[in-house]
Amino acid sequence: MALLEVKNLGISFGGLRAVDNLNMTIEEGSLVGLIGPNGAGKTTAFNLLTGVYQPTDGTISLNGEKIVGKKPAEICQSGIARTFQNIRLFSKMSVKDNVKVALHNQITYRLAESMLHLPGYFKREKEMDERAGDILRVFDLEQFSETLASNLPYGKQRKLEIARALATNPKLLLLDEPAAGMNPNETAELMETIELIRKQFQVTILLIEHDMKLVAGICEYLYVLNFGTELANGTPEEVLNDPRVITAYLGE
Amino acid sequence: MAMLKVTDLIVNYGVIQAIKGVSFEVNEGEIIALIGANGAGKTTILQTVTGLISPKSGKIEFEGKEITKTPAHKIVTLGMAHVPEGRRVFADLTVYENLIMGAYTRKDKNEINESIREVYQRFPRLEERKNQLAGTLSGGEQQMLAMGRALMSHPKIILMDEPSMGLSPIFVNEIFKIIQDVSAGGTTVLLVEQNAKKALSIADRAYVLETGSIVLDDEASVLMEDDSIKKAYLGE
Amino acid sequence: MDLVNSILEQLINGLRTGSIYALIALGYTMVYGIAKMINFAHGDIIMVGAYALYVFVGLLGLHPVIAVLLTIVVCSVLGITIEKVAYKPLRNATPLAVLITAIGVSYLLQNLSLLIFKATPIPFGSIIRVPSVKVGSLNISGITIVTLVVTTVSMIALTLFINKSKAGRAMRAVSEDKGAAELMGVNVNQTISLTFAIGSALAAVAGILFISQYETLLPTMGALPGIKAFVAAVLGGIGSIPGAMLGGIILGIIESLSKAYISTQLADAIVFGILVIVLLVKPSGLLGKLKIEKV
Amino acid sequence: GCGDDKKDKAEGSEAAGAGEETFLIGGIGPVTGAAASYGTSVKQGAEIAIKEINDAGGVKVGDTTYKFALEFADDEASEDKAVQAYNTVMDKGANAIMGCVTSGACIAIVDQTYQDGILQVTPSGSAEGCIANDNAFRICFSDPEQGKAMADYAIDTMGLKKIAVIYNAADEYSTGLQKAFEEEVKAKGGEIVASEAFNTNDVEFNTQLTTIKGTDAEAIYVPAYYQDATYITKQAKDMGMTLQFLGSDGWDGVLDTVSDASTVEGCVFSSPFCATVDDADVKKFVDAYNEAYKATPDQFAADAYDTVYTFKAAMEEAGSIESADMIEAMTKITVSGMTGDEITFDASGAAVKEVKFVEVKDGAYQYKAE
Amino acid sequence: MKINKKTIINVIIAVGVYAVVQGLISGGMLSRQMTSLIIPICVYVMMAVSLCLVVGFLGELSLGHAGFMSVGAYSGALFLTHTELPQLPAVLIALLIGGSAAAVFGLIIGVPVLRLKGDYLAIVTLGFGEIIKSIINFMTPITGGAKGLSKIPLYTTYRNFTFVFILTVVVVLLVSNIVRSRHGRAITSIRDNYIAAEAAGIPVSRYKIMTFVIAAFFAGVAGVVYAGNIGILKPVNFDYNTSIEILVMVVLGGMGNIKGSIVAAVILTALPEVLRGAADYRMLLYSIVLIALMLFNNSPIKRAFMDRRNMRQAGRLQKEGE
């Protein structure tokens, strides 16, 4: 059984059919790209997968379990985490706390333990600190632990978003244009990081990206959206040489 | 005489010095690229030039006139437009209204309508969506709108902060064509780009910024062949 | 028949207060919509307007028309000054900081007027003498009609101004992103000043009509209508100009009906109860746009 | 240190000789906020009396001559501020307390004044709880007393039968009067045809008036303050209502706040004081007040004036300025003042004085003949 | 390491404040005016700190905090006036009753909190405050209505300073403990970006309600102390003006800054008393001081000062790290 199964997914905004009859199957452990022209509905598809928007039709199942209708927080707990195209960090919190928020459901203790700072609190907090440190280290952000998230430069903010998403211990990680605003070197570095986390955290990854170097470089399979519907899918070689994709998306 | 001349610019955020004494020039009709890693200070420089941030010290001249202390809205009137980082379209205004806002400093209704037509020609997607609230556009559509809006003021010089960010490959090419077009139409361009390869390929000259200081500047074609640049910014 | 008549009369009573609330709410909503701040001092500018009119007509004996114009000028200048001195330095602070400063300004205006005009209420006869109109057995007072007309005209003018004029568009741009508006060539400070000038001018008009209706001046007279108008603005959808008018009138009518047929003591509770219900059903008020955040 | 007020007083008596001391009155009441006018009246009324007494040489108790001084603390008519205001005047060394002006605040401090054993006289706190303890006295009428008196007068003297009431449900003074009035009217066989409530700071009374208009009421009783009365009478007139209005002592001053005297023409209210009455003492007080504050004193100013004279009488009777002695003396004294010719105090601490009725006639107050 | 040092300093401050105040009280060195400020200060500290949780950390504007306080005050006071228990157990139970009753109202208000945002929520909280007030006023037989509820045993006056002080410290401690825990982080993340918080698995609705309930509970506790200090309760004391006063403290203290809220609560409670010497100009000065403080708080001077301090701290941290 595939990890994620999307069937006939669709949503309208007013008269606009932003996503229409979308079908996707994502196998456990794969790294899949979602590409398509601006406004094709890629981000909207992410929003549907994570419960930010409710689809007007279609189903989504994760490990066979239907997740349509669940709240975003519940979907996160079922195992889907994401980053945002327009960065959404907890800007007035430290880098480390950003990650610790995401550990909320991983390492828990009770309200009473919070209020009274009982031993459980210290033990669990220490665990959290260690886990957060581990994750930050992967992204080379450890030295910024105490920096306010909003004071990080753009590129580092993107990394922190990924770190935070990973901290929720997802099975499926959705990345929305992770390389936007990065220069080629930084992008190359990011590609390595993505490969690394994929192995280290054993996550399946679905990413949106306009940087074809990245897409061709790391994705194993691609879905192409155009005007809300599927234009093509296949391996990168197939898709990137598909004339329809070239006219609609890649250009010469 | 340089159209835009920046001398010894220093900019602080609180106690952090983001720009550490930067000088550069943009001549009329040129396309100048400003490249540098994340956090190098590119955005800060553009914002200081258009008056959104006031510098600690240094001098900014536009067409021979000092504008260091001139408020941003007056600078715009002088003929400078800025496509800001992160697009910053007016989310609650329609696409059309956003474009009209771009022509805020202009008076002639007919000319404005003419400009709108031009923008729609360049970005047909915007015409399709002219009555949609800008906030609900996709990322790339917003980028087009930000660009179109800046062009609406018929600027003498246009400052662009990562105009290709978030655009599909076909559109990235398109955007760089548009920049060349705009330049050919007589508008001077100061371009900040992560896509250094593309930027250098259309630029006349370029400056390389590293943590708040300019470390290199030369003809774009020369920089393209520079090994250190190739390694650091072109990903080769 | 009697009951119908009584209900009609109570409706007209509701219209009477409602039209004043609506007028005040227009100014509230206007400033909120553009400056994105709850101007708690708005009610007190109404008070200043009322006292100003009293000074011009009652003490200096000016012609009412001149006095009205001067009153509007005084309030506009006051509004601009308050903005410059107390709100502008907080442009980059949290909106709550501005809210608190506005509360400070409200205290300041009340206590200044307490020092100048003392605590004893000052009587001041209406400068508006419009005969009341009889519709069947119902009597609609002249001032109610004047208020309704002024409020409606202000609402239409304001709506057109904000939506259709260049300055109005600039205001909306400023309300969303000051930096980007500045990049379009909009003088942000001037635009915000204009917003406060218009808002305060509306407050002046409200003050004039208020005092013409109730004929008594008190330093604290603006506080309660200010809060009520705030409620009205929210009920109608804060930021929405027609909403402010609708909210004001509905508020007045609910108040009047619940006082008449349920309980005066519980009238406030009923008004707020209805407000809560309306907001639960329509979280952005009656005519407010629900802002969907694009993710 | 002493406040500005004290210095002003001191000027009046420069020849401060040997054996001369100060008797400090601690005044408490609202001089800011919505109730500011009451506190201000009280403060000013007391100042007139103090100046009068000091100018006349002060109060002689044994060998010492005492000059009065006033330390007036703002309580914003709030309970917690009243406690702080009380403690402030105690810090300043108050010898007796005049206050609080409003009932709630007064009740908030009665237990403390009792513990401190200090003489407390409230000029205007009319609720029963204000004089709960032995050390506390009141100059004004109590609410039940006054409401009952008005009901008696309305039915017995004025011959009214069907009466409507508009009262402030959020105010204890108003509800106290309303309750007593309605009970007495019913007891006397009259009828309360409507009992309409309003809230503090309301300015809109059309709703209540419309309801009353639909009844066969002959009169409307408004136990409330003059601001409320101002709005109510005006709006009634605008509606074309011509009912007889009845009021309480809070109405005093109403002529100064109506924009058109004809709106209150013919109204009758119970009052201890009337500024325009033809009486030499009253005239002297009114003139002095007018000169000092450019205003006509209302009942609260008169109450405060009498409070100061009460202190004087108690000092003289006790032959001491010790609170314990003065408290004991209180039930023995008779004060002739603005709100009564022969005011005495009963054991409960209430002032015993005649309830008088005032009518507005030709734009002036006038005592109703009994 | 770092936390411990801070904790020690806080303990020293708390004990120091207590010792000084208690010393002054028993030494009779405090003026009566100052004495009568002690309990109100404690009450407002509790109010400000609890509201800080909602406004500063959850980021929701609440204009009805005094409503919770009144529920706590009335229910606690009703218990106190009717119980025969000795003082200490009576007060403890009253505090629990007051807090719980207020918490129930916090729960009720939680419903709109989930649907509404920003200023809409603000007006609804203001509305709830006024509704509570109206109802208390209406229930005359129980609450005394406009006359107020009087003859409340004075169990929490300055004579019981030790008790009230400990209570205040406990409230402050509990609130700041929550803030520095996973629950507090969840609350703060909602403030910073609720969409991202949801995506990170935070059950936003549950935490919003929880925050209101906790804040209401402590406001109720503060209300009981208030009642036991004054002895008389009137609905008008809990109108929106009181809510606003508390909000002013929170904002002045710097949003999401518990220490700041405490300092602001102390300053703003004491300020009107300190200004008594100014006689007629008192409230005028108060408003001017308030505006000036707000402007200063956000002025470049202050920011430069804070920047420099942050720099020094950062420097120190770095050294420690080395």
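All chains are identified by letter, namely A, B, C, D and E, in their written order; residue positions are counted from 1 within each chain.
As a working rule, a residue touches a chain if its C-beta (ideal position, glycine included) is under 8 Å from a C-beta of that chain, and two chains touch if they have at least 3 such contacts.
Since we're looking at a predicted model, the values are computed, not measured.
Of all chains in the assembly, those touching chain B and also chain E are A, C. The fewest steps needed to get from chain A to chain D, moving only between touching chains, is 2. Taking C-D and B-C together, the pair of chains sharing more C-beta contacts is C-D. The most distant chain from chain C, with centres taken as the mean of CA atoms, is A. The distance from the centre of chain D to the centre of chain E, each centre being the mean of the chain's C-alpha atoms, comes to 37 Å.
Note: centroid distance chain A to chain C, computed from Cα atoms, is 47 Å.
Rounded to a whole number, the gap between the C-alpha centres of chain B and chain D is 74 angstrom.
Note on chain placement: the centre of chain C and the centre of chain E lie 32 Å apart, centres being C-alpha means. Multi-chain contact residues, meaning those touching two or more other chains, occur in chain C at positions 111, 114, 263, 265, 268, 295.
Looking at chain A, residues 43, 52, 84, 86 sit in touch with two or more other chains. Counting partner chains per residue, chain D has residues 31-33, 169-170 touching two or more of them. Touching chain pairs in this entry, ordered by label, are A-B, A-C, A-E, B-C, B-E, C-D, C-E, D-E. Of all residues in chain D, those touching chain E in their complex are 1, 3-5, 31-33, 73-74, 78-81, 83-84, 86-88, 90-91, 104, 107-108, 111, 127, 129, 168-172, 174-176, 200. Those residues of chain B whose C-beta lies close enough to touch chain E in the complex are 14-15.
The touching residues of chain E, counted against chain D in their complex, run 31-33, 35-37, 40, 137, 145-148, 150, 154, 226, 229-237, 272-273, 276-277, 279-280, 282-283. Of all residues in chain C, those touching chain B in their complex are 166, 169-170, 172-173, 175-177, 179-188, 291-292, 294.
The touching residues of chain C, when paired with chain D in their complex, are 2, 6, 9-10, 13, 16-17, 111, 114, 118-126, 132, 139, 141, 214-216, 218-221, 223-224, 255-256, 259-260, 263-265, 267-268.
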